[in-house]
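Each in structure tokens, the structures are laid out below.
What follows is a pair of complexes built around chain A, which joins chain B in one and chain C in the other.
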Partner chain A sequence: MSSVLFFIAATGVIAGAIGVVTLRSPFYSVLALVGHLISLAVLFLLLRAEFVAAIQVVVYAGAVMVLYVFVVAYVGDSGEPMGARLHGPGPLGSGLRKGGAVLAGCLLTELLIALLGTGLKAVSGYGAGYAPGPRTFGTAAYIGELLLTRFLLAFEVASMLLLIAAVGGVVLAARAGRPLAIGERRAGPGEPGEEVGAPLDLPRPPGTGTMAETVGGRS
Partner chain B sequence: MSMGLPAVVGYYEPWWIQIIKAIVIFAVGLQLVPLVLIAERKLLGRFQARYGPNRVGPYGFLQPLADILKLLTKEQFRPTTSVGLLYALAPIISILTAVAAFGLIPFGDTQDIFGTKVGLYGVDLSIGPLYLFAFGAIAFYGIMLGGWSSGSKYSFLGAMRGAAQLISYEVSQGLALVGVVISAQTLSLTGIVHAQAGMWYVVPQLAGFLIFLVAGFAETNRAPFDLTEADAELVGGYNTEYGGGRFASYYFAEYLNVVVVSGIVATVFLGGWLLPFGLHPPGWVDPLVVLAKMSLVTFLFIWVRATLPRLRYDQLMSFGWKVLLPLATVNALVTAILVVATH
Partner chain C sequence: MTIAWYLAVSAIVFTLGAVGVITRRNPLVVLLCLELMLNGANLALVAFSRMWGNGDGQILAVIVMTVAACEVCIGLGMIVAIYRSRLPIDVDELRELQG
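Coming up: the complex of A and B.
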């Protein structure tokens, strides 16, 4: 039973991952990623890590991917199929191809080191044994205890990093300036009112920003 | 309280009991939805000083049956601008996640039925509320894909509103439950019910209860947060382009979600199958107690819908982020401090 489930989930994981990089429309790529993440959660369940599986779905499929879907559906297709620059001629295309090959090689080496180092031992095993009880392997209590004792430093560093990222996001969003009203446009280069030194102040079509902007600048 | 033991029972049940339970749970859910439907239409009628449906069957009680038969016998059509596969898939996701969440609600403790130990719940997980939020997260794709794949502006706007609303209120809902989980010191839903033997959590966790209820209104897209399907502005929201059986699926999922949220409120805050004043009825009364508490919460849902006007979109957002979320955070924080201090 568990091996059947494993092969179904593993197929889903690999198909989803391939779909992310090969599908032409960004929307379908995001959906493939959602399928990939949910299949991954099933694999976690088979490893008796039910807490990690639930968190995987809640955080990745439920929060991160929701935002991706939201943005992709809102901004829409750019018209240019993804990967057009990669297959394109000229120095840009060849550079992207070379860089991609190098990065993929690095990732492959790293994964092989991890896999050969630990994974091969697990092939002949059956994972963690199932033990009943409130504080056994895989439960929330077990993971919480580990996070606050053995991995306390890593846990605190990760939370600080997230905090910094959140503050940074707010700062960057605030620098983008006042939202435009419908029909208004930003001042061009050299015109009065142009904001100098705002590299993230990218031009964007009106109505693609916040909801408040869409309803007429009311917030 | 015997911690952990109730959470484990589900693993040892024979496979045939689990199959029977799955069928029974789906059948019960299938019966509850028309009941909620007719209750809502009758009560809305009374709230608005009219009769409500009273033509089909005695007192109009067969009205939902007629509605569902009408929807199911309609032609299956789809707009030419829609995306075929996703258009068909979206209502299935909605209904699947609603039924999956329903399986979690405990209708009673483990019972001795003909010498076999059976838990009166679909499954009692050691990650109870997290499982619920996981399926709530997937339910989002039902609405989003439905609105997007319809290829219509109104559907898309409704789905977008639903997306933003779900993200905003899911956080407060989760944080409201954190207080209860800290107090009960278990994530198992039957464990949470057992922990309420002395006092239901609605009393010590009153703030959490109110936050969860308000966020529940928003999560199920009910008034006053029903902007997703605001019929005055969006025709019908994400399900504008749906008809027939697929529309019936969305409808079913929506009302089943109301039942699920009522069940969770009854379990987590109103003591599940426990009765006050030291009453200990025999085991077969437990499901009736849970159903009675659930119908009370559902009545509140309908009452609020009849009473409150729909919020404006920016009011919805600022209420969720600036009022509900800080309140839920403070609630979780204070509960944690109190639990640590009293231990």
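Coming up: the complex of A and C.
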């Protein structure tokens, strides 16, 4: 039973990965990645990692992929067919295809040698013993206890990293000034109408102690 | 199935992701292929965790997912910023930072 499930899930994982790499439209690539992630969660479940499988589906296939779909819908197609150079007839296209195939072969061989040729006896085993229970290996209680005791520092650093990334994402994607009309472009450096320091000039209350205030510049 | 099968799947997924990062031009798809590489590494981590009956690998997989979420946040913010400034969404055309 578990072998059948493994082969179904592994086929889904590899098919999803191939779809992400080869499909032309980024929107279809995102959908292929969603299928890949859900199949991967099944593999995690087979490896007795319930908590990791759950957050794989909730966080990755749920939240992160919705973010991707929004950005794909916002940016849209960039005009040129995706992978035109890869599928194109020119010498560059076939060269890239061959180079990609050679690289894939080399990398896969090396990884398989490294992972399967280790000589570790446990690699060809079925894993350590497992007894079902409320706080056993892989449950939320087990992971939570580890995160708040042995790995407390990693947990705190990850939370700080998330905060910094959220602030950075807002700063990068914030709209500076009024939106441009179609066909209009932002004034270049030195031209009249150029917004000084536009990308990072977020609205802020006066007297908040920025470097610009200290040196007598813009408040 | 033995642990070796899971490791083989993780190697294949990692390779596909690496090939995608190198051959695709759209930065959105490059980010998706980065996710594939991280997922391959995650599968290997969870498989080794199962092999030893030790939760450390699963903790590392959770941290890797956190870092991937941060990377997606910053990467998509950059893509939106590039789109706003009317630059082409193509990693081959964006040569402004080249020395």
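Criterion: the second predicted complex is superposed on the first by the 132 of 219 C-alpha atoms of A that agree within 3 Å, B and C clash if a C-alpha of one lies under 4 Å from a C-alpha of the other, contacts with A are read in each partner's own complex, and residues count from 1 in each chain.
The rule we apply is simple: a residue touches a chain if its C-beta (ideal position, glycine included) is under 8 Å from a C-beta of that chain, and two chains touch if they have at least 3 such contacts.
Because the structure is predicted, anything quoted here is derived from the model rather than measured.
Undergrad: Looking at A:I55, would you say it contacts chain B, chain C, both, or neither? Reply first, second, both or neither.
TA: Both partners, chain B and chain C.
Undergrad: Which touches a greater number of chain A residues, chain B or chain C?
TA: Per-residue touch count on chain A favours C.
Undergrad: After lining up the shared chain so the two structures overlap, which partner does A:L146 touch, if you call chain B first and chain C second: first, second, both or neither?
TA: In the superposed model, A:L146 contacts chain C only, not chain B.
Undergrad: Have a look at where A:V75 lands relative to chain B and chain C in the superposition and call it first, second, both or neither.
TA: In the superposed model, A:V75 contacts chain C only, not chain B.
Undergrad: Just checking: does A:V66 make contact with chain B only, chain C only, both, or neither of them? Give me first, second, both or neither.
TA: first
Undergrad: In the overlaid three-chain picture, which partner chain does A:I38 touch, first (chain B) or second (chain C), both, or neither?
TA: first
Undergrad: With both complexes superposed on chain A, which partner does A:M160 reach: first (chain B), second (chain C), both or neither?
TA: A:M160 contacts neither chain B nor chain C.
Undergrad: So which positions on chain A get touched by both chain B and chain C?
TA: 51, 55, 63, 67, 74, 130
Undergrad: Mind listing the chain C positions that touch chain A in their complex?
TA: Touch residues, chain C against chain A: 1-20, 22-26, 28-29, 31-33, 35-36, 39, 42-44, 46-47, 49-56, 58-59, 61-63, 65-74, 76-81, 83-86, 88-90, 92.
Undergrad: Show which residues of chain A lie in contact with chain C when the two form their complex.
TA: 2-3, 6, 10, 13-14, 17-18, 20-21, 26, 29-30, 33, 36-37, 40, 43-44, 46-49, 51-52, 55-56, 59-60, 63-64, 67-68, 71-72, 74-75, 78, 80, 82-83, 85-86, 96, 100, 103-104, 107-108, 111-112, 115-116, 122-130, 137-138, 142-143, 146-147, 151, 154, 158, 161-162, 164-166, 168-173, 175, 180, 185-186, 199
Undergrad: Name, in rising order, each residue of chain B that touches chain A in their complex.
TA: Checking each residue of chain B against chain A gives 3-4, 7-8, 11, 125-127, 130-131, 133-134, 136-138, 140-141, 144-145, 148, 156, 159-160, 163-164, 166-167, 170, 186-187, 313-314, 317.
Undergrad: Enumerate the contact residues on chain A facing chain B in the complex.
TA: Those in contact with chain B are residues 27, 31, 34, 38, 41, 50-51, 54-55, 57-58, 61-63, 66-67, 69-70, 73-74, 130, 132-135, 139-140, 211-212, 215, 218-219.
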